[in-house]
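A, B and C are the chain letters, set down in written order, and residue numbers restart from 1 in every chain.
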Amino acid sequence: MTLKANLTKLAIASAITACFLTAPLTAFSATHPVTGEELAKEQTYTYRLLDGIPTLDPQLNEDVEGSVVSRDLFEGLLNEDAEGKLIPGVALSYEASEGNTVYTFKLRKSNWSNGDPVTANDFVYAWRRAIDPKTASPYKWYMEIMGIKNVKAVGKGEMKPEELGVEAVDDYTLKVTLENALPYFASMTTHTTTFPTHQATIEKHGDKWTRPENMVSNGAYKLTEWVLKERSVRERNTKYWNNDATIIDKVVALVINDENVALTRYKAGELDKTEVPAGQYPALKKSNPDEAFSFPRLCNYYYTFNMSDSDMAPKAFKDVRVRKALSYAVDRNVIINNVLKGGQYPAYTFTPEATAGFSVPNVEYASWTQAERDAKAVELLAEAGYGKDNPLEFNMLYNSSEAHKKVATVLSQMWKQKLGVRAVMANQEWKTFLETRSKQNFELARGAWCGDYNEASTFLDLLTKAHGNNDGKFSNADFNKLMADAKTSADPNKNYTKVEQILADEMPVIPLYHYTGVLMLKPNFKGWPFKNVQQTMYSRNFYKTAK
Amino acid sequence: MLFGKQILSAVADNAAIKGRSQWQDSLGRFKRNKAALVSLFILLLMIAVAFISPYFAVWDYETIDWGLLGNAATQGAPQIENGHYFGVDDLGRDIFARTMQGTQISLMVGLVGTIVAVLVGVTFGATAGYIGGRIDNIMMRFVDILISIPYMFILIILFVMFGRSIYILFIGLGLFSWMEMARIVRGQTLALKHKEFVEAAVASGVSDAKIILRHIIPNLLGIVVVYTSLLVPQLILLESFISFLGLGIQEPLTSWGALISDGAATMQYGTLWQIGFPLGFFIVGLFCFFFIGDGLRDAFDPKDR
Amino acid sequence: MFSFIVRRLLSAIPTLLILIIISFALMRMAPGNPFTAEQMPPPEVIANLEAKYGLDQPWPVQLWRYLEGIIFHFDFGPSFKYKDQTVNDIIAQGFPVTLTYGIWAFIVAVGVGLSLGITAAVKQNTVFDYFAVGISIGAQVLPNFVMAPILVLIFTLWLEWLPGGGWNGGQWQYVIMPVIALSTSFMASIARIARSSMLEVLNSNFIRTAKAKGLPMRNIIFRHALKPALLPVISYLGPTFVTMITGSVIVDMYFSTGGMGQFFVDAALNRDYSLLMGVTIVMGVMTILFNAVVDILYAWLDPKIRL
């Protein structure tokens, strides 16, 4: 053979060999850019929803699960990282000026899923829409506590929308003016209500703009399928500005009402994540130690006394000794360790320890032993005139759920055995329960509150006189004043400590425990933000390793 | 003559022989049905045990055994020493006591609700079927409407207006079950109406009400009784569904349905006694109702087999 | 017969109207309104929402607007809870699901139930009879909220034959378990009613005559006994179908099929008035249609019944 022919053969042979060598590399390509773990071929994340999501419109959303989906489909000014700290979203940076009353956000250049640029005007449109009476957003009150200038007046229609303190200085600069100084304002922009929405799409399609075929969004994913009570599917949005960093291609959410069935299906491999049914965590931790997780969450669980002037409010509850006795007699550790078993934290204060910047004050009864608390409870109750011969009787109301039923049963038994109290349990389904509670038609009712932003006032404000959800109508002048002052104070923690002390002295509510998130996660599914107490997660941060 | 006197006295004695009514006939037939008798006995035994044993049990139905709270899977199995003959539930409450209490409630719900449903349904259906024509049409349309109304909603309203009481539950359940009975009864009445003996009664001038009461209804009893024995378990299940939604029996009271539904939820965690015992009582109870129903049907069936 | 059908259908209309009015009234009487939420919207928002959905109008006006919407535009209005969807959308999604597994469950329940019941009656007191009766009681005695998780445990976790739930457009693997869970107890009831009514018929005089005449058993059953025996079964079937639809709530909950039973319960709990009305009307129409069919079957089966 000629030299040319040999060389040609050699060249072809090398080329073919090179193909074989590089082909597998390009086909898989994947290791995680930060951790270096090898990634699985298929990057689909499937999880469980308790119920169908009511709406995908960010300004109409009031639902935790709806927020999860919204954060994938849309992106706001700022995001949270895995520990809950603020990181850039659509806004590259921000600046607070004039004593925290003006915030200026500089936006990056990014696009909607249909190619239109995302500008400051989209935010202005969205925020005005959120408070527009015609939109009737159930989260309008959130925009109000953000304290934007004129928000209440514009919201009532008394002023024109242009008067709202938010302005697009130019396409990529957003300026927000507040009524009063708010140091933590920026952290409030991670919330769904403030996400931008595409004006042209909404005007064109009206209520149907959230259909998969109509929706225009600016997040890491776009909606591809939505069957109301069965499933929803979202897939990678290649036009997202940070699309290269997104690893999960497809997110599938399946509606499964019963948590035990969900667990069965998780075990069968149909789900990557599900919630652990109450009480099952220790057993699951033993059998699947690398799948069961428990971590703090920004929510509390309590029972509130009806201290209003309504006829339903029992006279006994006006006596602080009765309230304290009932609270002392509760063995919180039994509830946490024997009933819930999810690693929850016993609560002697209203605000969870996990709240950013909050230091838990030392309330006295937290440091006693349970035996001491029980003894004090019997003593206080006797002083108030109740005992086995004059038993204290009242109704305790909770909303229908297995877990709440268990807690309520245990509480009523504790009170019965230690204090001779007859606590009659009553459960109502959610809507009826809310209605009953909001009208003060109860004696003792269950409550729980999850923080809307990561600062203690999101909890403590609940017990101020004016708050719409202060169903027990607790009103203490010192408490109200301290909370009002905290908004402008340099060190609000001093006020919060004093305020929690008032709560321990007056006991308008019986704090029971602070939530933990208790989840099952498949071992190859990674990226869950365990340290983020508000559980603000984004699917683009998840990934699946190749076993 | 002496002989004549003896005959006379013998005849005089025999004159005291009573005639046998249809009901006595039926009772006799029922007594001969062994399965039915055994079932009746078991059912009565169950009732007795359910209502009496709480006085002798170690635990009552609501007290939590703190040592076992949360440890049902590991320590909560049935045992004699700690008095938990049927084991404990996830909250450490005695399943034996709770099963007894649940049996009381379920049986009462079943029986009372069924009685209400039968009384209303049979009267309504027989009347409609017998009268026929326009009135029948109207009455049946009324039944149609009632069947289509979302009953749960009405229960919510009833519970709110009158507070949650067991009686509302009984009445509410009964009021939502009579419609099917009415339909079936009306259907059967339509068929019976044209039978010869009814035509004969009409021809001899018996009043409508009497015909319905004395001729139609007794002949309906066969199918009514079978349907009734289908209705009792249905009501018990309906009650458990309602409790499932948070509307029915209020804690700490319980019923078979509530116990079974709680037990079913924990099946996969190995605590099978939590569903086993209540389900067992439920099944036995239903079997009894079935055999009794069958026995009653055979007893009332005019034709011998 | 034709005129009867027409009359029957016409009489359905006033029934439907009354149904709508009664449901409407009851719904407004129950406490709670659609906008009650944990974080109560301020009064202006509630006022807005009520204005948006027309709830601030007096009752008769609301009722009229609603009826008008249905009759002239076939529009059931927007859902209060699922804000992006109208009731039409929701029903369009849920109804086919429920109808599919409902019809299959119905066919299975009737088919198996009838066969079991009739055969048991014919072979009374034999092993088959006891077996059939035993099965039917056994099936009836397992409530479907026990059966559903058991089915999932067996078929999804242990055997891994079937997916644990969902609907996925109605592929057969997703339909099987809902059908089993739903049909079992009805099959049992149908079997028992069929058996007892067949027994009654078999003991009647005209059958005795037929037997005496020496007709073969098969002939007797299919040509003479079947029709009258079916009467009680037929009257049981009408309401059964609708009960199955409502009872499908548990099936929907456990298998996440997205069917109407669950929307029904949900709508009641959420006071989603328009959705509840929509579902009620659909159910009402089905009941009425089915009862009409039942009545027609009656007339065909027993010529002596003059309607």
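Basically, a residue touches a chain if its C-beta (ideal position, glycine included) is under 8 Å from a C-beta of that chain, and two chains touch if they have at least 3 such contacts.
Quick caveat: nothing in here was measured; it's all calculated off a predicted structure.
Enquirer: Which one of the chains is farthest from chain C, going by Cα centres?
Expert: If we average the C-alpha coordinates per chain, A ends up farthest from chain C.
Enquirer: Any idea whether B-C or A-B has more C-beta pairs in contact?
Expert: B-C
Enquirer: Which chain's mean C-alpha position is nearest the mean C-alpha position of the whole protein set?
Expert: C
Enquirer: What whole-number Å value describes the gap between the mean CA coordinates of chain A and chain C?
Expert: Result: the chain centres lie 39 Å from each other.
Enquirer: Could you give the separation in Å between the centres of chain B and chain C, each centre being the mean of its C-alpha atoms?
Expert: 23
Enquirer: Could you state the distance in Å from the CA-based centre of chain A to that of chain B?
Expert: Computed from C-alpha means, the inter-chain centre distance equals 48 Å.
Enquirer: For chain C, jot down the residues that touch at least 2 other chains.
Expert: Within chain C, the residues that touch at least two other chains are 31, 149, 153, 269.
Enquirer: Considering chain B alone, which of its residues make contact with at least two other chains?
Expert: Expected reply: 156, 160, 245, 265, 268.
Enquirer: Mind pulling the residue numbers of chain A that touch at least two other chains?
Expert: Only 258, 260, 264, 429, 432 qualify.
Enquirer: Any idea which chain A residues touch chain C in the complex?
Expert: 51-52, 54-57, 60, 62, 133-134, 136-141, 155-156, 207-208, 210-211, 227-231, 254-258, 260-261, 264-265, 267-268, 270, 429-432, 434-436, 438, 468-469
Enquirer: Where on chain B does chain C make contact in their complex?
Expert: Touch list, chain B to chain C: 137, 140-141, 144-145, 147-150, 152-154, 156-157, 160, 179-180, 183-184, 186-188, 190-191, 194, 222-223, 226-227, 230, 233, 237, 240-241, 244-245, 257, 260-261, 264-265, 267-268, 275, 279, 282-283, 286-287, 290, 294, 297, 301, 303, 305.
Enquirer: Can you name the residues of chain C that touch chain A in the complex?
Expert: Spelled out, the residues of chain C in touch with chain A are 31-33, 35-42, 44-45, 48-49, 52, 78, 81-86, 90, 93-94, 148-149, 152-153, 156-157, 160, 163-167, 252-254, 256-259, 262-263, 266, 269-271.
Enquirer: State the interface residues of chain C toward chain B in the complex, per the touch definition above.
Expert: It is residues 11, 14-15, 18-19, 22-23, 26-27, 29-31, 137, 140-141, 143, 145-146, 149-150, 153, 189, 192-193, 196-197, 200, 203-204, 228, 231-232, 234-236, 238-239, 242, 249-250, 264-265, 268-269, 276, 279-280, 283-284, 287-288, 291, 298, 302, 304-305 of chain C that touch chain B.
Enquirer: Per the contact definition, I'd like the list of chain B residues that touch chain A in the complex.
Expert: Touching chain A from chain B are residues 62-64, 66, 69-71, 73, 90-93, 156, 160, 164, 245-247, 250-252, 265-266, 268-269.
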